[in-house]
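Comments concern the structure below.
Chain naming follows the written order as A, B, C, D, E and F, and within any one chain the residues start at number 1.
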Amino acid sequence: MNPLLEKPRKIYVSRKMEFNAAHRLFNPELSDEENSRIYGKCSNEYGHGHNYELEITLYGTIDRRTGFLFDLKELKCILEDEISVRFDHRHLNYDVAELRGCIPTTEVLAVLIWDILEQRLEQFNNREISLYEVKLYETGKNAVRYLGE
Amino acid sequence: MNPLLEKPRKIYVSRKMEFNAAHRLFNPELSDEENSRIYGKCSNEYGHGHNYELEITLYGTIDRRTGFLFDLKELKCILEDEISVRFDHRHLNYDVAELRGCIPTTEVLAVLIWDILEQRLEQFNNREISLYEVKLYETGKNAVRYLGE
Amino acid sequence: MNPLLEKPRKIYVSRKMEFNAAHRLFNPELSDEENSRIYGKCSNEYGHGHNYELEITLYGTIDRRTGFLFDLKELKCILEDEISVRFDHRHLNYDVAELRGCIPTTEVLAVLIWDILEQRLEQFNNREISLYEVKLYETGKNAVRYLGE
Amino acid sequence: MNPLLEKPRKIYVSRKMEFNAAHRLFNPELSDEENSRIYGKCSNEYGHGHNYELEITLYGTIDRRTGFLFDLKELKCILEDEISVRFDHRHLNYDVAELRGCIPTTEVLAVLIWDILEQRLEQFNNREISLYEVKLYETGKNAVRYLGE
Amino acid sequence: MNPLLEKPRKIYVSRKMEFNAAHRLFNPELSDEENSRIYGKCSNEYGHGHNYELEITLYGTIDRRTGFLFDLKELKCILEDEISVRFDHRHLNYDVAELRGCIPTTEVLAVLIWDILEQRLEQFNNREISLYEVKLYETGKNAVRYLGE
Amino acid sequence: MNPLLEKPRKIYVSRKMEFNAAHRLFNPELSDEENSRIYGKCSNEYGHGHNYELEITLYGTIDRRTGFLFDLKELKCILEDEISVRFDHRHLNYDVAELRGCIPTTEVLAVLIWDILEQRLEQFNNREISLYEVKLYETGKNAVRYLGE
């Protein structure tokens, strides 16, 4: 099967998901004035929230037998398990153990998601599949990309 | 000017804006079990949040002199004043006086926005301009429409 | 709770979902020439397919106790049960019993979805909740709306 | 064919298209100060432009033989003919005869499109198909709807 | 003309298009159980379908005379010719000669589109224009990118 | 604060904005026939216009103290100052000094925006923040990316 795959082909596969969370940007080591200057209304006491859109990209060689890079049903389970359970309908400042002592900016959140998924996907490295990119949209206008550097 | 407007023309004009807020769905008059059954993870203690998208629609006769129904610069100011200041980067359960004693569902929020804007726009009724619809998207998948009934 | 709901408030609540299906537009009672003239490349023998986006709108009075019109968790289950199982990853000409003898145009599909959901939601009529609209997008450019007329 | 259509079914069918045009909002009967106050930067001398998105909605009874309300291939031709040729890649103040003496606001443009399409679609009235709505988005945030009132 | 282009400038130019096709994921060399485990409901006998969105990216030096990398009117013709005619309103398992013996996953389809376009665009290599990326969205959530590796 | 940032982390941060402008593609050094062949209806005398969507991407190391790469409030001001004032509601052929003698294609416009922003952002290079990419969408279908090569 799959004569087009006789020659090995490297591909990027992306999957999007959404989670809804609250956060507050506030550094307790700084004065209220500094917090207000740096974080503006993002430092309001009770927090605010976002529909975060997360796009995960994997990279590797297409499996000639299946025509897939990775089983998306399996990826969906991993994302449910590691991302939805941890972040969806949560307040990032209070509910997420891994963010203790962190200011939950979009940048920091993307880095944490990378760390979590890279460890979980490590088992697939022997199949030459690696995590390539974590892209996180805070709003339709703001997004960050982390590539593990 | 505007021969096409010799005959009066009725039109609907819509304007979209976004605000980012946190909320928690929880009714203190009900047991924790009932709250959990009704609101599921939306009742998590510290709340979660959304990028709310709001679409306001006005209805009336096009002004023959300007070709406009309503000055969108003015509408933008009204929405900044009444909606952004009140709801943007707020926690709906704690920061909004008008929601005291309310469960801030999307339905309730749409009704409140209608009440606020209808009163503010009352002064234009003599120019035959009225608020027609408040549409509020909580996520890309869920939306409510309130028409003042 | 919910002083804003002291006065009963009528609201429209919408929920979107997607299903992916194949179909072929072909009327066996017509000649090949007529089929080709009417349906063009939509009549190709093996069919083609779409990511159908479905938006269901309910109408009724907001429940003062919950602040909801309808429990969206319950609506999600109904849509999974009645729509996803029936239409998702199916060939509409072969796999859907209710479409036997029908040409599965977007118009016909919207009517069928209305008939299915109206019957299923009948039990909620005593709570003054009714199906208001079925909107079905075949592509980003083409959509139909059926209101039960 | 089409047992679901034994009972006549009324449906709304929408089609979207885009055109790219320049315009300037300026009323020569008013002073420069008034123009500037009313139209702001929209009155800049050389004009600016938009990707207008137009959504046309037809209303009528589904044709039992075809399962269609209207042949979308035919509608596409009509829109190409009446809308693209007239407005696409044009300067609305200089290139469109029907806008002579008009201030080409989105409101006025929607009214003109209604007038053009209603006349062109008149021939289908005996098949009980009528133009229901012209919706025109000037940007992702601003839209008008004209229903022929 | 074009003083900004005195210094040669390398640019990426992207063009999006859509095609609607049916497919079935099934490997006849595997048992039904394995097919079902690997492909789930994507292996349903009669197939299902998608609105595929394709984004082609070219890379090269901006032509100082025209200000373009590549004539988009010409690219549109090439895409119509090579992509729409081959894939639009087709069943990928039956109607596309180049997919004979292949499992038409999004990954495989992206590779085939690359092979087709790279050969067709070879004639422009002397103008230092090359195909950079084929991005194919199967749904709004799933996408693959192939860069020719 | 921010234990996740003990190890320095490189990140890409993107910000989107829109501006509405008119342009005409026409090279006065070429004959009308050549202009028409190269630019088609884009060479119409009075110009046409677009809702340009601009996405700016910065690259650098997350600031451990703030959790940000860059203060988005500051970036917003820079973009207002350098982009909106220059391009929004303008005719690119007449109103933008930097485009004198240029054919304002999307490619040329992206290059100019890069040149303007790179100079403005130079002052942040010592904080290891650099402009990574200018992406400019002319329509939903056409986009260019310039990376400073």
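Heads up, the rule we're going with is that a residue touches a chain if its C-beta (ideal position, glycine included) is under 8 Å from a C-beta of that chain, and two chains touch if they have at least 3 such contacts.
Since we're looking at a predicted model, the values are computed, not measured.
S.K.: Enumerate, in label order, the chains that touch chain A and chain B alike.
M.R.: The shared contacts of chain A and chain B amount to nothing, since no chain touches both.
S.K.: If you take the chains that touch chain B and keep only those that also touch chain E, what is left?
M.R.: A, C
S.K.: Rotation angle, chain D onto chain F: superpose the C-alpha atoms of these two copies and give the value as a multiple of 5 degrees.
M.R.: Rounded to 5 degrees, the superposing rotation is 180 degrees.
S.K.: Comparing centres built from CA atoms, which chain ends up most distant from chain F?
M.R.: Following the centroid criterion, the farthest chain would be C.
S.K.: Express in whole angstrom the distance between the two chain centres, defined as the mean CA positions of chain C and chain D.
M.R.: Averaging C-alpha atoms per chain gives centres 27 Å apart.
S.K.: Using mean C-alpha positions as chain centres, tell me how far chain C is from chain F in Å, no decimals.
M.R.: So the centroids are 42 Å from each other.
S.K.: Hey, what residues on chain D touch two or more of the other chains?
M.R.: Residues 140 of chain D each touch two or more of the other chains.
S.K.: Pull out all the chain pairs that touch, please.
M.R.: Pairs of chains that touch one another: A-B, A-E, A-F, B-C, B-D, C-D, C-E, D-F, E-F.
S.K.: Where on chain E is chain A touching in the complex?
M.R.: 25, 27-30, 38, 40, 98, 101-105, 107-108, 110-112, 115, 140-147, 149
S.K.: Quick one: which bits of chain F touch chain D in the complex? Just the residue numbers, please.
M.R.: Those residues of chain F that touch chain D are 18, 20-23, 41-42, 44-51, 88-91, 93-95, 139-140.
S.K.: In the complex formed with chain A, which residues of chain F make contact?
M.R.: Residues 1-5, 9-17, 57, 62, 65-69, 71-73 of chain F touch chain A in their complex.
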